[in-house]
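Each of the next two complexes has chain A plus one more chain, namely chain B in the first and chain C in the second.
Moving on, here comes the complex of A and B:
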């Protein structure tokens, strides 16, 4: 306990260690919060979901916060659902009419990609009839459509023929926002409160109609969306615990097992030591990444399998040589001699007396090796060998790469996961470097 | 990544019993040679087993063959119109012949051993699916074709960075605690990210936004005539970003490790002594710092030499570089075991030969090391 306190006090002297530790702290908090905010099953369902879950999102748009850095504000994506009380609903049972009024503020400098109404109607035989009217802030009134509703009906403004005929110079959705008195080549956008009124005429008393207005803007959410309309936030959030767990477990498993195997080999010597050295040799010949790729391609892309194979292939790495040279010195120490003379068991000597001596070497090495494994998981995902169900940072980069995000200028798509990977790697590396200087003062120089 | 473990295993110089140098060296050479060869044998055999998924790839191939001939039977009007029994017999005969042709009628273990023998004698055989650009199925040709791109890229960057790193590290070890030293210590953690990762950033900046360098590939499309000046310029232009990416992922960290390594040797008593004698820092560096560190520098250089042969699957994929790394990735995707095994065998041999030679090189450059002396730390 005292040791830990002393180490922490020492660490506080290194700004890079404090920086690293705070970032790791934040990441751990996010890592714990992610499964609470979005439970595992829900996350997977969301990430694998298609149009039925993500219909309200436009494709390939950057996050909403980029508006903070822009003078020309991009349209935000939003939905208004009358069933959730987001639209004014008046039921006039005398005249068999339902009036739904959607009101929204429009203060953007660009046009939305699409405006859609999703109608849900309940009726027995007679289909209810709806008329859609658009009210602009400058008091114009534009009739959009009149149609009979089935149980589910979708109205896409961009495909509306009446609007297309009305706005010959521009597209149906743009025309709704343009000031008709302005120049055709350089149109001005009418800002203010827009209103859409749906007047539903029903022919049966039990009829009920609700409608959800979906406006696909040019920005969405806090993380943007990808080519399948998915909110990248899900993968950004869930990628955190996955990256941390993979990195930490691989680093911990590898370092601890390497150390124990090395200690056992050095202690027993003879054929045990020889065998371990030969396995290390064979392991050097085995191609690490190709084997991981083979396991991913041929066998299973489950993150647990990949993790196990990674650890199995890393145990007999160059670390064994380093630990061995230290253990060889430790083995000859007088206190080991003393332990042997009072009859301590082999296991006791290895685990209680030898292993603790290399902890100063182990801990910095462990922390420094975390980024390598975090990036390894991302690397495999970039090759398309990420876990098939889990949303991870690497898979976002993979999606972005395969869909040509860089060619098309969708930089946010690559930058978000990349920056997170970078920050994570940097945090562990900074902490590891500081720990190394604390535990191995020789490196601090003269 | 060069190995940077400080090779300070205590090589004891205590002679146990008198033995002639020749017998000692001869015996050591033999034992070491056999051990390394066995290591290669086991390593390659394991790769064969893994690359075949313990025989699973054979099942895939059998399935493919069956499907091919069943399809052929349906598509070929002469066969299609035969009575069912005869048609089935034709299909089965064809499948059996195909099995025999590819050696699939033998159990997997037998095949694995034959495979091992062929691989070790560098008889790499024919590929299953891949072809070389010239249309050959010879694994040797397929691999040979991809060696130049990998060697050009990783060789250039490797040598360039190696000497730049050593130069800066020596410079910094003389100016311990200076501004640049602090910069290197601060920036070292930045190198936690791999090359492909920086590659994405560099492509984003220089290709996507600034549009001054190509996104990837080795030369422009259509390629200029080979060996022309235009070809060379185009190649150079395509190499800038990859080399920058490699440098970004290792330069500072390597300088940092080498500088720390040199510092440890610069604080030895004999260096202090040399300083006290008033030798110039250049002389001290050459005689007392570089010489004892030479084995480590050579090891690192040797691993660099092997490293440039392996290629890097992800890095080459990101930069669309037609090298060995991307090829092995493609081979795995196509279940092309001969290509995977071929590349592994070449790499293992290179590694084993390098390790074998290193022991002698150590003895040559460091009089404290004896060939066949106690405790060779290299596994």
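Moving on, here comes the complex of A and C:
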């Protein structure tokens, strides 16, 4: 406990350690929050979900915050659902009429991709009838459609024939926002409060109609969307605990096992030591990534299998040699001889007398090796060998690559996970280097 | 000075006390491995050592570095297996003991090391260091362990105990470190203490204190004590008998008074002559040391192992045949042809 306090106090003297620790702290908080905000099953459902879950999102749009850096504001994606009270709903039971009024501010310099109404109607036999009218801020009134509603009806403005006929020069959605008096070549957008009024005429007293207005803009959410309309935020959020856990578990498992194996070999000596050294020698020349790719291709892409194989292949790494050199020295210490003389068991000597001596070597090494494993998991995912179920940072990059994100200029799609990976790596590296200086004071600068 | 008084010696042959530890013709040889296969030879670290140690008796094994003292001590501790001969503790042969037997044996033996700082694990507190032997002995009751730690710390005069319990070895002075090592050796209430040069790495000022402490512990607990040293000046504090070791063999055994006053073996002569006591006369006298180096333990000289360095060599005898043990006076044995 005192040691921990002392180490922390020493760490506070290194700005890089504070920087690294705070980033790791944030990542850990996100990593803890992610499964709370989006439980595991829900995250997988979301990530595998299609149109039925993500209908409200446009495809391939950047995050909303890029508007902060633009003078020409891009249209934000939004929905207004009368069932949630986001539209004004007037029920006139005398005339059997329901009037839904949707109002929204429009101050953007571009057009939305699409405007859609999703109707949900409850009736017995007689279908209710709806008329959709568009009111512009400059007082024009554009009738859009009149139609009978079945239980679920979808009206897409871009496919509306009446609008298509009305706006010959442009697309139906754009036409609704253009000032008709402006130049056709260089149209201006009418900004202000738009209103859509749905007048539903019902023929049965029990009839109820609700409608959700979905406007697909040019930006969406805090992380943007991908080719399947999915919110990248889900994968960014869920990628954090996956990356951290994979990195930490692989680093911890590898370091601790390597150290213990090395200690056992050094302590017993003889053929045990010899065997461990030979295995290490062979293992060091084995190609690591190709083996993992083969496992991923032919056996399983489960993150747990990949983690186990990673640890198994890393145990007999160069660490064995480093630790061995320290253990050989420790083994001859008089205090070990004393422990033998009072009959401490081999296991006790290894774990309680030898291992504590290499902890100062172990901890910085462990911390600095975390990013390597985080990147490994991402690299495998980029190569298409990521866990088939979990959303991870690497899989976002993989999706972006297979869908030509950079070719189409969708930089956010690649940059978001890439920057996160880099920040994670940087944070652990900075903390690791500072720890190294604390635990191995000879490295300390003047 | 009271401390410098020689402990009253009893002749071992007349000793009526029970024999606690018996070393019977022990040989400890280490293999010299050739690169690849086979054995190139042996280092004969201990080559035919025999003596009995009685209950409550303190003996000193004296010899220069590399004479096999430490190997003998490790064999007694059960850390080396003798190639030949036996170490018998209370009529039980150590090398034939199983795991449980060895555990029992180790309960009765305490070990005090030379380098007190190296002997204490740097990452454990004093309390933890002292608890370790109890834990391995199967004392699971934490309260009992703590009580025993406090008791033993009081015994080695590290008081007030609270000041030391939570300190780490590097926070202690050399003397305190050595007291901790002694406490660790004492905590299981052993009957035999093996001390390997317990004061050689301490400041001269602390030495006498530690030796007095060892003496009082030995007396109050009726401990058998094997004191290994290269420094004859510290021997007289509490040893009853001295064994002089040279090149893996005991060349002279006898009560301390007889050996210090009347050394028989030429090597013992040389050792005593080389002893430096803080005495003004020492500054003027020239210390005669035997010429040459201690012999190789891989190929020891034929005959008496001391003959190449001996000033009283009998040509044709000393360099041909190994001397047996002669007994020129009762309780005093010497391995030298001069006393045939």
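Heads up, the rule we're going with is that the second predicted complex is superposed on the first by the 443 of 446 C-alpha atoms of A that agree within 3 Å, B and C clash if a C-alpha of one lies under 4 Å from a C-alpha of the other, contacts with A are read in each partner's own complex, and residues count from 1 in each chain.
Simple rule for what comes next: a residue touches a chain if its C-beta (ideal position, glycine included) is under 8 Å from a C-beta of that chain, and two chains touch if they have at least 3 such contacts.
Predicted model only: the values in this text are computed from it and were never measured.
S.K.: Overlaying on chain A: chain B and chain C, fit or clash?
M.R.: fit
S.K.: Report, please, how wide the angle is at the C-alpha centre of chain A between chain B and chain C, in steps of 10 degrees.
M.R.: In the superposed arrangement it comes to 60 degrees.
S.K.: Considering only touches as defined above, state whether A:333 meets chain B (first), chain C (second), both or neither.
M.R.: A:333 contacts chain C only, not chain B.
S.K.: In the superposed arrangement, which partner chain does A:203 touch: chain B (first), chain C (second), both, or neither?
M.R.: Once the two structures are laid over each other on A, A:203 reaches no partner at all.
S.K.: Contacts for A:40 in the overlay, against chain B (first) and chain C (second): which applies, first, second, both or neither?
M.R.: It touches nothing on chain B or chain C.
S.K.: Residues of chain A touched: more by chain B or chain C?
M.R.: Touched residues of chain A are more numerous for B.
S.K.: Quick one: smallest Cα-Cα gap between chain B and chain C in the superposed arrangement, Å?
M.R.: 6 Å.
S.K.: Which chain A residues contact chain B in one complex and chain C in the other?
M.R.: No residue of chain A touches both chain B and chain C.
S.K.: Any idea which chain A residues touch chain B in the complex?
M.R.: Result: residues 16, 20, 277-278, 280-287, 289-291, 293-295, 297-299, 318, 320-322, 324-325, 328-329, 368, 371-372, 375, 378-379, 382-383, 397, 401, 406-407, 409, 411, 414-415, 418, 421-422, 425-426, 428-430, 432-433, 442-443, 445-446 of chain A touch chain B.
S.K.: Which positions of chain A touch chain C when the two form their complex?
M.R.: Against chain C, chain A makes touches at 333-335, 337-345, 348, 352-353, 356-357.
S.K.: Touching chain A in the complex: which residues of chain B?
M.R.: 3, 5, 8-10, 35-36, 38-40, 42-44, 46-47, 50-51, 53, 56-57, 176-177, 185-186, 188-194, 196-197, 200-201, 203-204, 207-209, 215, 260, 263-264, 267, 310, 313-314, 317-318, 328-329, 332-333, 335, 340, 343-344, 347-348, 351-352, 377-379
S.K.: Where on chain C is chain A touching in the complex?
M.R.: 74, 77-79, 102-103, 106-107, 109, 111, 113-115, 118-121, 123, 132-133, 136-137, 181, 184, 188
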